Amino acid sequence: MKFNKLFAGVTLALGTSMISFTAAAGDTIKVGVLHSLSGTMAISETTLKDTVLMMIDEQNKAGGLLGKKLEAVVVDPASNWPLFAEKTRELLTKDDVDVIFGCWTSVSRKSALPVLEELNGLMFYPVQYEGEESSKNVFYTGAAPNQQAIPAVDYLMNDLGVERWVLAGTDYVYPRTTNKILEAYLKAKGVKPADIMVNYTPFGHSDWQSIVSDIKKFGSKGKKTAVVSTINGDANVPFYKELGNQGISSEDIPVVAFSVGEEELSGIDTKPLVGHLAAWNYFESVDTAENEKFIDTWHTFIKNDKRVTNDPMEATYIGFKMWTQAVSQAGTTDVDKVEQAMIGQKVKNLTGGTAVMNKNHHLSKPVLIGEIQDDGQFEVVWETDGVVPGDAWSDYLPGSKDLISDWTAPIKCGNYNVKTKSCGGAMAAQ
Amino acid sequence: MKQILCISLWLMGCLMPAVSYSETLTDALESPAATTRTVPELVQELTEKSLTQAVPVLEALEQQGGEEMLPLFRTMLNGDLYYVKDTSQVVGKTDTAGEESYADILTKAAVTGLGSRDVKKIRVNNTLRSYLRNAIARIQLSSANPHSREQAVLSLLSELDNDTVGQIREARANESVEEVQQAMDLALAMYALDQGSSDIEKLDAVEGLAGSLQPEARNMLRKYAEMEPDHADYSARVSAAAAKALERIQEKVEFYGFIDQLFFGLSLGSVLLLAAIGLAITFGVMGVINMAHGEMIMLGAYTTYVIQQLMPNHIDLSIWIAIPAAFVVSGLVGVAIERGVIRHLHGRPLETLLATFGISLFLQQLVRTVISPQNVPVSTPDWMAGTLQINPVWSLTLNRLYILAFALLVFFALLIILKKTNLGLNVRAVSQNRAMARAMGVRSDRVDAMTFGLGSGIAGIAGVALSQLTNVGPNLGQSYIIDSFMVVVFGGVGNLWGTLVAAFSLGIANKFLEPVTGAVLASILVLVFIILFIQKRPKGLFPQKGRAAE
Amino acid sequence: MSTSGMLQSVFKDRGQPGGRVMPFVIILLVVTVLASALNLLTPEGSALHVSTYTITLLGKYLCYAMLALAVDVVWGYCGILSLGHGAFFALGGYAMGMYLMRQIGDRGVYGNPLLPDFMVFLDWQELPWFWLGMDQFWVAMIMVLLVPGVLAYVFGFLAFRSRVTGVYLSIMTQALTYALMLAFFRNEMGFGGNNGLTDFKDILGFDLQSDTTRIVLFLLTAGFLCAALLTSHWIMNSRMGKVILAVRDSEARTRFIGYKTETYKVWLFVYSAVIAAIAGALYVPQVGIINPGEFSPINSIEVVIWVAVGGRGTLIGAVVGALLVNYAKTRFTAILPEGWLFMLGALFVLVTLYLPKGLIGLYSQLKQQLGAGKPAAAGTGKSSSAAKTEGAGA
Amino acid sequence: MNMITERADQAREFFRPDQVWPFLVPPQQQSVDVSKQVLLYIEGVNLSFDGFKALNNLNLYINDGELRCLIGANGAGKTTLMDVVTGKTRPDTGSVYFGSNINLLEHSEDEIAQLGIGRKFQKPTVFEAQTVFDNLELALKSNKGVIATLLSRLSPTELLRIDEVLQIIGLQDQRFMLAGALSHGQKQWLEIGMLLMADPRLLLVDEPVAGMTPQETERTAELLTSLAGERTVIVVEHDMEFVRSIARTVTVLHQGSVLAEGSMDQVQNNKDVIEVYLGEEA
């Protein structure tokens, strides 16, 4: 009899779930939020979901958009890549959202991309990534490699006099591409191949003894050595701990990371990391009026003073602001019109200066390099003079050096080959 | 250029305070950076200058204050230098037993009534840190402590210039401690090789460097050994001698590299051993497949975190409290799982596997909900940080060393429990013949619960150790579960010694493969090897024999 | 055996686990055809319209159902608890994915006619040998069957010959899929690393994004699932099926009456792997991506719980379990993302503790209890005591 | 040059059209050679588990058509001996031949079963999730390859044979009942029935009457005696009354080797046997 009850309970739960799901909205503009709320990526992505919700909240307080209220439609792709495609389709067909803010990992974006293009959706992608992509339906508000990796290397080379390079990364596409670009860049700058060490480790790698020992040996050849780290998420803590334990200090061999931000630091004992570097477009510690306001709003919204802000949050912020501006300007949420209106939109960066959306759907942003402090914040030690325009296609990869992206007439192409003067790939077929 | 000259002159001033103090002072007076500011004024300046402007101030301080500046530099290097927001008084923070106290950095007078909100940190960056470190080394060449002197010389090896060498030469004459003498001789030999005027002098220097394992000495030798014949300093004899010396050193380095790798392997092995040993009991002795074993480890690690949160001022002690606490927490959860679920699935190992997998999902989500989906920070106590430097090319990281020792300790403690105590006797009796043990009056259900609790508790202890090496997060357990099973199966189920041998051999195999194949391929190869091995010997390295094992 | 004979056996209710499958197969086919027709023939917005979203969702569920069936065939009927069937599913998927990748041709972003995009930006100069020929549909389809089949054969041959059984075997299968996952994560392997294979354009010249292609794929999946159900039913009702059940209940005894049990296990394992691979191959064009995450051991274990929920050792149970649990997952993750893992975890525990025969078992138990009230059914009473027999012992 | 022609010859030999490759030749069912009247040779067999000598230089010959009883205390090695003969356990040393021509140590359990050696376990093991009929069908002497069983259907003669055996073991009324639902005694009978289905040359029967009523025991005794002659039967039994009722020759095992052999009376009066048994009792 116990089973009967259980069974009845399950049926009931399924039934109610279906009812609650069909709660329809009136005259609102729907904003889809496609960030994992469970699974491995939930750690990072939940924050971005909250950021979008905060921005929607703010916008509604300020009177909404085009006289309508904004309504968030939150789905959970659960860190499961095929689910990103499925949920994108759900958002675009079932929920009829006008725009999607979402994705963190490259693979999730790649999974959602065909659906976005098929159903002509619009997505804002707020995370630094490897580049080599430009879709009509996506705006990339995070950094491309030339907005993070290359300035960082410039800084190490020119300001710290680094001559030997360790490119250490997790074995996936972002580090692979970034390191390919950096290798080409370093060689173009006259660095000998013997002075570059490349190393890849699996996700969540935790036993760094041998690799750190190799780095130590590599760095003891008398030339100033630095590590350019594209090590992802979880693997960072054991890596830095091992560096500290093997007595490698940030003065001996500084590590510059592209995936370590305030959020990541808040979950770890920062002692072994102090003095190491990170390159981002945003640091919470930057002292501007906009940033202060943003942090305040965030703390009020999330009801927790200890929550930090980070670069992808700023990217979400910029993306959202630009979208509202573009919608107001276009007077509609129609994807094609908003897409055209987006180009050239300007939003004030939280770190000063102005971000501009370029023809290639990437932003022009300043690049900052910060040193990790023991309170989990960054001290800015260097920044670019002006803004750096994001490159969809790297100039340092043989496959893409002739490609550009320009979504304005007359080119209107994500991968236009300047040599052959033609739009390649899928576009050509249409 | 002039700046550099000034720095080197100040440097001389610091090194020979008695001889040429007045001389350098006059020189310094001429340089633009050093006006006649007093030390207190300069210290005050530190609170105002930005990071990039701080170096000249420090230079001035080093030059004027000499040895007296050591506490200031040290405090600054450690990031403990603050200034009072209201008065701009520069103070050093000391942290004794969690009590923060501040004292004026120059007068050492205690400044009371300050909270962390009243002071602002004087920030340092890498440039400043490396400047400070070298400055401390320069000042310490004349330290009273021979160890400091030796360290000072060694840290100057990478930037030997005329003046530094002059000072070292001077100090060498008065040096009586052998270790310091050797370090100084090394520095002088390096300088002689690089700057020496004749081949004979250089050959002598090569001789002096031949036995050294210092990387700087090796680099110097390599520079000459690999020098192109068209180089101005080239000499065939020196080059050949350097090459020969380098070869000898390289042999030693390779030897220590091998030892190093062995240690890495042992260390990885100790982690595997810790992770697997609890499983060796629940799986090996009781025959229960506990897929939630990893979560027992995770609970242990979280216990460490909670204890550290409860006693933030006694991090050094926290580990000692965390070990028994983790044992109790994981052990109790283990007992609860045994009583609640596993007991009902007795003799159905595959069902047990599924049910415990469900429990593992449940526990992970529980931690996510109750504590946080994020990783949590667990601090390393100071006594566990750092390295045991045996020679310049071979050092052992202390935390790994402790964990290795700890793993062995746990292993032998467990062995004794199983072999010598009443519980152990009962456990073995029940595992060999349940019905018979019951007939003899052993309360088998209680023994089951105790055994499972013991295995889980040990997993908890492993969690404490792992919290010192890796991330503490909800997924901690998952990353060890497959490895743990591999170790137990490879070693032979029901055999603790087998688990020990398996853990260490897999650890060592992994570490020796890693340089050749890379980390990923190494773990794949080890996995494939075990899969094939189990086909060959289904009962592992040390199988239980006889009809009882059927 | 002739087709008519096969059909006869399908309809024949012999009280075997699995029972009748034909009614279920017919229902399944009717529902899928109906859904397809409603998708294609009714206008969007009509009350009867079945959205393409629903179709792809259902298509995915059907692939999972097939995977569950594959696991059930070895676990429910032969007691081999494989925690690595996701590996065969993923390998089948990768073979299909490679074909779809090659179909992109020069329509990739770099416009390289030969190399897939991920190879271009990793600066690879030529196609690795194992990608050769994958532009031919038939080669790819052979690979879908061959690669997982051969892997299953080699693994099964080694494991069963040396009599690795029970939990050992489960752990080894888990290690197998884990090792494959690590391997496929490596970019050097030439399968796209973490990103896997994606951005497919068309299959055999048909646009993958058109509704018609989706419907055809959906119907194909349903067709293959039904075929797998019928074939499995046929096998399980032949004498071979009896041998397989005998192996599950007492492998030693089966050997002593002269059956080479390892051969039976190996071939059943291969059969099951091939079903899983076909499911994977059908899954990929429908969801549009295949990546190493599919190899993760946790996925494979989840499949086992679908089977357990539905009722292992019954063919329909596996299918029903997979459909139900996945539907619940879609629903519950939408409402309570944090709650789903609690539910899944509780499901594992509750099903193993209280529902060893799954929902199908519960259903027949209920039916029997109701039937027991009627005097006519008294004769079957005795067989209920056999329900206590636990199938999958070590 | 020479080498090449040699290789070519080898290749030619390998691809000879008039021959099948050796690994493709189906294994020939060897027929048992009993020209010397002996069906089972067990010579010098030793086996130890972790230092415990389960079998100690054991020598035993069983004649064709004989009914032999093995008795001995627990741990004397009776069951282990059966394990060795049926291929479950490999001895450390020694040889076991079936007839004078088949080395049983080279065969696996299933092959040994196919050679015609059937075994009944101490604890009745039948396939509980299947019907009595299916249990018997599985045991049927037939081609036991994968494809064969997949495609096989019962022939009328086979059906008749099953009915016949059902008759013998008295389970006609239970033919479609699950074997798990049978009583202990019925399971014993079913297992014997399965032995009969396989039509074996040699039957190894381990404690067949444990848990049987006196009437059933009597019937079992009858059955076993009737089988002897046509087949060879080895019975392991503790029930001395039962042994006395069926045995012609009795072998006493002690600590892994043969202590005495002969008729029941001879054995009972054997000095060694008395000593061992009395010694144990004392």
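All chains are identified by letter, namely A, B, C and D, in their written order; residue positions are counted from 1 within each chain.
The rule is short, and it goes like this: a contact is a pair of C-beta atoms (placed from the backbone, for glycine too) under 8 Å apart; a residue touches a chain by one contact, two chains touch by 3 or more.
Just so it is clear, the structure is predicted and the values come from calculations on it, not from any experiment.
**Student:** State the smallest step count from chain A to chain D, taking one step as a move to a touching chain.
**Tutor:** Graph distance in the chain contact network comes out at 2.
**Student:** Relative to the centroid of every protein C-alpha atom displayed, which chain's own C-alpha centroid is closest?
**Tutor:** Per-chain C-alpha centroids ranked by distance to the global centroid put C first.
**Student:** Looking only at C-beta pairs that count as contacts, which pair of chains has more of them, A-C or B-C?
**Tutor:** Result of the comparison of A-C and B-C: A-C.
**Student:** Which chain maximises the distance between its CA centroid and that of chain C?
**Tutor:** The most distant chain relative to chain C turns out to be B.
**Student:** With chain centres defined as C-alpha means, what is the inter-centre distance between chain A and chain C in Å?
**Tutor:** Each chain reduced to its C-alpha mean, chain A and chain C end up 36 Å apart.
**Student:** Cα centroid separation between chain B and chain C, in whole Å?
**Tutor:** Computed value for the inter-centroid distance: 47 Å.
**Student:** Using mean CA coordinates as chain centres, what's the chain B-chain D distance in Å?
**Tutor:** So the centre of chain B lies 64 Å away from the centre of chain D.
**Student:** Based only on mean CA positions, could you tell me how far chain A sits from chain B in angstrom?
**Tutor:** The mean C-alpha positions of chain A and chain B differ by 32 Å.
**Student:** For chain C, what residues touch not just one other chain but two or more?
**Tutor:** In chain C, the residues touching two or more other chains are 182, 185-186, 338, 341.
**Student:** Could you check chain A for residues that touch two or more other chains and list them?
**Tutor:** If we look for residues of chain A contacting two or more partner chains, we find 42, 171, 200, 202.
**Student:** Do you know which chain D residues sit against two or more other chains?
**Tutor:** Residues of chain D touching two or more partner chains: there are none.
**Student:** Under the definition above, what is the set of chain B residues touching chain C in their complex?
**Tutor:** Chain B reaches chain C through residues 289, 341, 344-345, 347-355, 357-366, 368-369, 478, 482, 485-486, 489, 520-521, 523-524, 527-528, 530-532, 534-536, 538.
**Student:** List the residues on chain A that touch chain C in their complex, please.
**Tutor:** My answer: residues 2-3, 6-7, 10, 13-14, 17-18, 20-21, 37-38, 42, 75-76, 78, 80-82, 85-86, 89-90, 93-94, 105-107, 110-111, 113-115, 118, 132-133, 171-173, 176-177, 180, 200, 202-203, 397-400, 403, 414-415, 417, 424-426, 428-429.
**Student:** Which stretch or stretches of chain A touch chain B in the complex?
**Tutor:** Result: residues 40, 42-43, 46, 160, 171, 199-202, 204-207, 209-211, 213-214, 220-222, 234, 237-238, 241-242, 244-247, 249-251, 254, 266-272, 274-275, 277, 371, 373-374, 379, 381 of chain A touch chain B.
**Student:** Touching chain D in the complex: which residues of chain C?
**Tutor:** Residues 1, 15, 17, 235, 238-240, 242-243, 245-246, 248-250, 252-261, 263-264, 267, 382-383, 385-386, 388-389, 391 of chain C touch chain D in their complex.
**Student:** Which of the residues in chain C end up touching chain A in this complex?
**Tutor:** Those in contact with chain A are residues 51-53, 56-57, 60, 106-112, 118, 120-123, 182, 185-187, 193-196, 198-201, 209, 287-289, 291, 293, 327-328, 331-335, 337-338, 340-341, 350, 354-355, 362.
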